[in-house]
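Listed next: structures, encoded as structure tokens.
The following pair of complexes shares a single chain, subunit A, combined with subunit B in the former and subunit C in the latter.
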Partner chain A sequence: MNRPAITGWLLVLPAAALLALFTHWPIVGTVWDSFHATPKGANPAPFVGLENYQVMIADEVFWKSLWNNLWFALGTIPISIALALVMALWVNSAMRGRTWLRVAFFTPTVLPMIAVANIWLFFYTPQYGLLEKLTTGLGFGTHNWLGTESTALACMIVVAIWKEAGFFMIFYLAALQSIPPSLAEAAALEGAPRGYYLRRIVLPLLMPTTLFVLVNAVINSFRLVDHIVVMTRGGPNNATSLLLFHVYQVGFSFWDTGYAAALTVVLLAILALAAIGQFVFLDRKVHYQ
Partner chain B sequence: MTVTFRSPRQPVSSIRLESVAKHWETARAVDGVSFSAEAGEFVVLLGPSGCGKSTTLRLIAGLDTPTAGRILIADRDVTHAPPAERGIAMVFQSYALFPHLTVEENIVFGLKVRKVPAADRARRLAKVAELLGLAALLQRKPSQLSGGQQQRVALGRAIIAEQPVCLMDEPLSNLDAQLRGEMRREIRSLQQRLGITMVYVTHDQTEAMTMADRVVLLKDGRVEQVGSPDELYNTPRTAFTAGFIGAPPMNLVPLENAGGPWRYAGTDANAPYAGTEAATLGVRPEDMDVATEGGMPAVVDSVEYLGADSLVAAKVGAAPILVRVARHAPFATGERIRVTWKPQHQHLFSTRTGERISA
Partner chain C sequence: MSRLYEPTGFSRALETGAAWLLGFLWILPLAYAVWTAFHPSEYSAKFVLTAPLTLENFVRAWDAAPFARYFANSFALVTMVLAAQLVLGTLAAYAFARFEFPGKDIAFILVLVQLMIMPDVLIVENYRTMSRLGLLDSIPAIGLPYVASAFGIFLLRQTFKTVPRELDEAARVEGAGPVAILLKVYVPLAKPVYLAYGLVSVSYHWNNFLWPLIVTNSVTSRPVTVGLQVFSSGDQGIDWSIITAATLMTSGPLLVGFLLFQRQFVQSFMRAGIR
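Coming up: the complex of A and B.
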């Protein structure tokens, strides 16, 4: 190898080493562990082949968590992105007090997830929670929002949207501010209505941001479990158990690390497929400046 | 080749501004501006940065609303009409091309908005592309074009609308000097061929002199002088106009007197002025000659050789002047010279008001 090449490899070595040590090696380790049973005492874990995966196929909680997670993703991603865009367009317009509005929209992002979960726990509390007060005040009956299977997951979706939309708004706001105002003026001179301008000019120019936000939203929908831990612990009857929460329970409540590793591999595969899919299919439609 | 562009029924429009003002809190960007552009006329709004020329153009375009005054286009009061209803097209300083659309899509954007039929759109696009030499670039994105090509696309988007009025906001300021010269001629000939009423904003007096039928010189949000390039050059109404028009602009030498006759400030030579009001004398560099005696005493600072002529920088008292001399000027720094001119080339301005003093 010639000298410049060696220098180059040496320069990337620190970063590559860190990435390998803390990202690639754990992934390989997880895949390796997923083919082994959980070690008992000082005995090494015996190789079990695909047994963990066979268990998974028969595991009802796994399937329930997977479906829950898909519904959770479908519920949070489009709504939080749409909301983020609308909020960004709103606080990007010239108006009084927009700084305060921006701060208000961004606050949920700054709050720790545990605090957010506590706030919403109060909203959803039966009898004296905020939502209860509102509904009973309007003459509706009482409802245990988090304690009922049919509403618990929807409640979790609302919390996630509330938490995420403000975060995505910041990206959209930054992108909107990088669009020169003269484009809007040029469109106005041509008589383009606001809706037409938004659809034909603004949205296409925001596509790189949308792709970025979308990838993040997908990852987050499989990654955010703090509020589940605090608010429902996956209940009632696994109605709010998400994939990562299931991994957490299997791994750290039941200490079945071999099976937890197998579940993690599936989660990783889903995320990798989603990310690759988004980049491959959407990248062609994105205009980068 | 002549391209007949305008359909015969299309009217040409005049523009009239009546005491138009635009205030932002305490700042007066435009402060009572009145002028008019006749149909088919090329009017240049000229002035230093911050004089309100771009704001005035934005008021005509309807991108800003005036605080006071009226704007009429084709004798219709459009002061509060939205931009699209004013019958105007505009070229922005930054070109304002849509970066994700191709050249073709950029040019026909407005036609699509107005739902012009596809066949008509294609016909007009072909004409504009031919007119501006864009035919080979139609499928490119703006980022794949040079500055001059982007400029043409912006022009194309403006003229395909076939609007009777076109507004341009410093359209050449992002181009290099040579291209600027070419585009100057091109825009002027386009305007004349299409019979458009043009309002063109620039801070470059060369652009104003070479392109305009009429120049509106602005200063601090007010009209300093309106006139043909000839009028502004030959009979500047104020010292400001004199010092702004011309390349290099007119020399201005203050006069002083200590009880006796008027002298060039800082010298003991008498000046050809016998009025009572404190005055500043103005003579253009190209009207000055260097003589051995008489005239105005000056001390040479430097000589700039330009080929066909030289610019001699000198000082009269503390006032700097430039003298244009044919070919090489054989002067050394510190050399004392005398500067003369014909009486008809002499201008006098009141030192107090800056107004022209008629002889």
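Coming up: the complex of A and C.
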């Protein structure tokens, strides 16, 4: 190897070593461990083939968590992206009070999810919470929002939308500001109405951003379970258990690491699918650049 | 967007109204928390203007748990993580931007893997690794999996690639080595990106919860997020005023920083988002 090549490798080496140790090795290790039993004491874990996966197929909480997670993603992603777009259009316009609006929309992003969860926990609390005060004030009966299976997951979705929309707004804002003004001038010259301009010019130009935000939203909906830990611990009756939360419970409450590894493999497969999805759609992205 | 396509007349009033309503809804939970934290607990859901203001909730929360230690831990954590991320990220980004070496493309793809599969989901295996390294329940254990950051490497590489090669050449002619060129030419030109990345990184690690919860189990290593959870799920009896005060306290440094420098914050996140 010549000198620049050696220098290049030396520069990459520290980061590469840590990435290998804490990202690549654990990915391989997860798959490996998923075919092994949970080690007992100092003995190496025996190979058990697909046993962990058989346990998984029979595990109702796993299926429940997987479905919950899909519903959670489906409930969170479209609404938060749509809201983010609307927020960005508003904040980017000459609207009165737009600085104040930008702060209001973005603030949840800066707060820790656990703090957010605590605030919303109080908001949802039976009898004392603000939501209860509102509903009873309007003459409705009391309702235990987090303690009822039918509403608990929806409550989590609301929290996630509130937390994430302002974050995604930032990406749209950046994209909107990079649209050359000449496009609007040309459209105006042709007499295009506002709706047409937004739908046929702005929206297509925002497609790469939408794709980027979408992939991030998918990753976040499978990566972030802080609010579950704080607000419901997966309950009632596993109604709010998400995949990563189930991994956390199996791995660190029951200490069944072999099975937790198998569950993690499912999580990794979903994230890999998101990555492949992004890669496939990248062609369209290039089209607009 | 061009001023040409601003809403006009009635639709303008309608949109402004809708925007303000949404903004109000968005700030409501936080405003509610602030109200509860700064008033005696009997006013926690009674909104009267005559309610007396108090700092009592904050004092009681501060005294009820070792928050000073938690703050120190979080501060040490974000500082160490950011410093290490910047050094490793800068070196790797420089190599990916300006050096040709065998295996470069594969190495870069392997770096990008971390954008999709973050340490956040590899908790089981990383816990095992920390246990083998004997690092459990320590601040380095919280930070280490995040120290090599694909996001940082990617962001800095994009920035370094925009530096004109002529500047690079000029420094080389003067006899500067690769590291000297990096420090004198590339790093100064990337200052805004470093600021952007720094803000994103600090808020990420200040706010991180699940991994620190798993890997720490004592006061000496817990960051504020975990400390808050231990505090609010403990046997304090549910006094929401105190819990909200503690909640605001833990988010305080970031929140105050954000409100003071909100323009820079938003611009930094925007800069970090463009790729």
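Operating definition for what follows: the second predicted complex is superposed on the first by the 264 of 289 C-alpha atoms of A that agree within 3 Å, B and C clash if a C-alpha of one lies under 4 Å from a C-alpha of the other, contacts with A are read in each partner's own complex, and residues count from 1 in each chain.
What we mean here is this: contacts are C-beta pairs under 8 Å (C-beta built on N, C-alpha and C of every residue); 3 or more make two chains touch, one makes a residue touch a chain.
Note that the structure is a prediction, hence the values are computed from the model and not measured.
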Joint occupancy of subunit A by subunit B and subunit C, clash or fit: fit
Contacts of A:5 with subunit B and subunit C, given as first, second, both or neither: second
Subunit B versus subunit C as contact partner of A:190, first or second or both or neither: first
Touching partner for A:67 - first (subunit B), second (subunit C), both, neither: neither
A:205 touches, of subunit B and subunit C: first, second, both or neither? first
When both partners are placed on the shared chain, which of subunit B and subunit C touches more of subunit A: C
First, second, both or neither for A:251, with subunit B first and subunit C second: second
Inter-centroid angle subunit B-subunit A-subunit C after superposition on A [Cα, multiple of 10°]: 70
Contacts of A:279 with subunit B and subunit C, given as first, second, both or neither: neither
First (subunit B), second (subunit C), both or neither touched by A:230: second
Closest approach of subunit C to subunit B (Cα atoms, Å): 6
Contact residues of subunit A, present in both the subunit B and the subunit C interface: 183, 185, 187-188
Interfacial residue positions of subunit A with respect to subunit C in the complex: 1, 4-9, 11-12, 14-19, 21-27, 29-30, 33, 83, 86-87, 89-90, 92-97, 100-116, 118-120, 122-123, 125, 128-130, 133, 162, 166-167, 170-171, 173-174, 176-179, 181, 183-185, 187-188, 194, 197-198, 202, 212, 219, 222-226, 229-230, 244, 247-248, 251-252, 257, 260-261, 264, 267-268, 271-272, 274-275
Interface residues, subunit B side, partner subunit A - complex: 61, 63, 82-85, 88-90, 92-94, 96, 98-100, 109-110, 113-114, 141, 143, 157, 161
Partner subunit A, residues of subunit C touching it in the complex: 1-7, 15-16, 19-20, 22-24, 26-27, 29-30, 32-33, 36, 44-45, 87-89, 91-92, 94-96, 99-102, 104, 107, 110-111, 113-114, 116-129, 144-148, 150, 153, 178, 203, 206-207, 209-210, 213-214, 225, 228-229, 232-233, 240, 243-244, 247-248, 250-251, 254-255, 258-259, 262, 265-266, 269-271, 273-275
Residue ranges of subunit A touching subunit B (in the complex, touch as defined): 180, 182-183, 185-192, 196, 201, 204-205, 287, 289
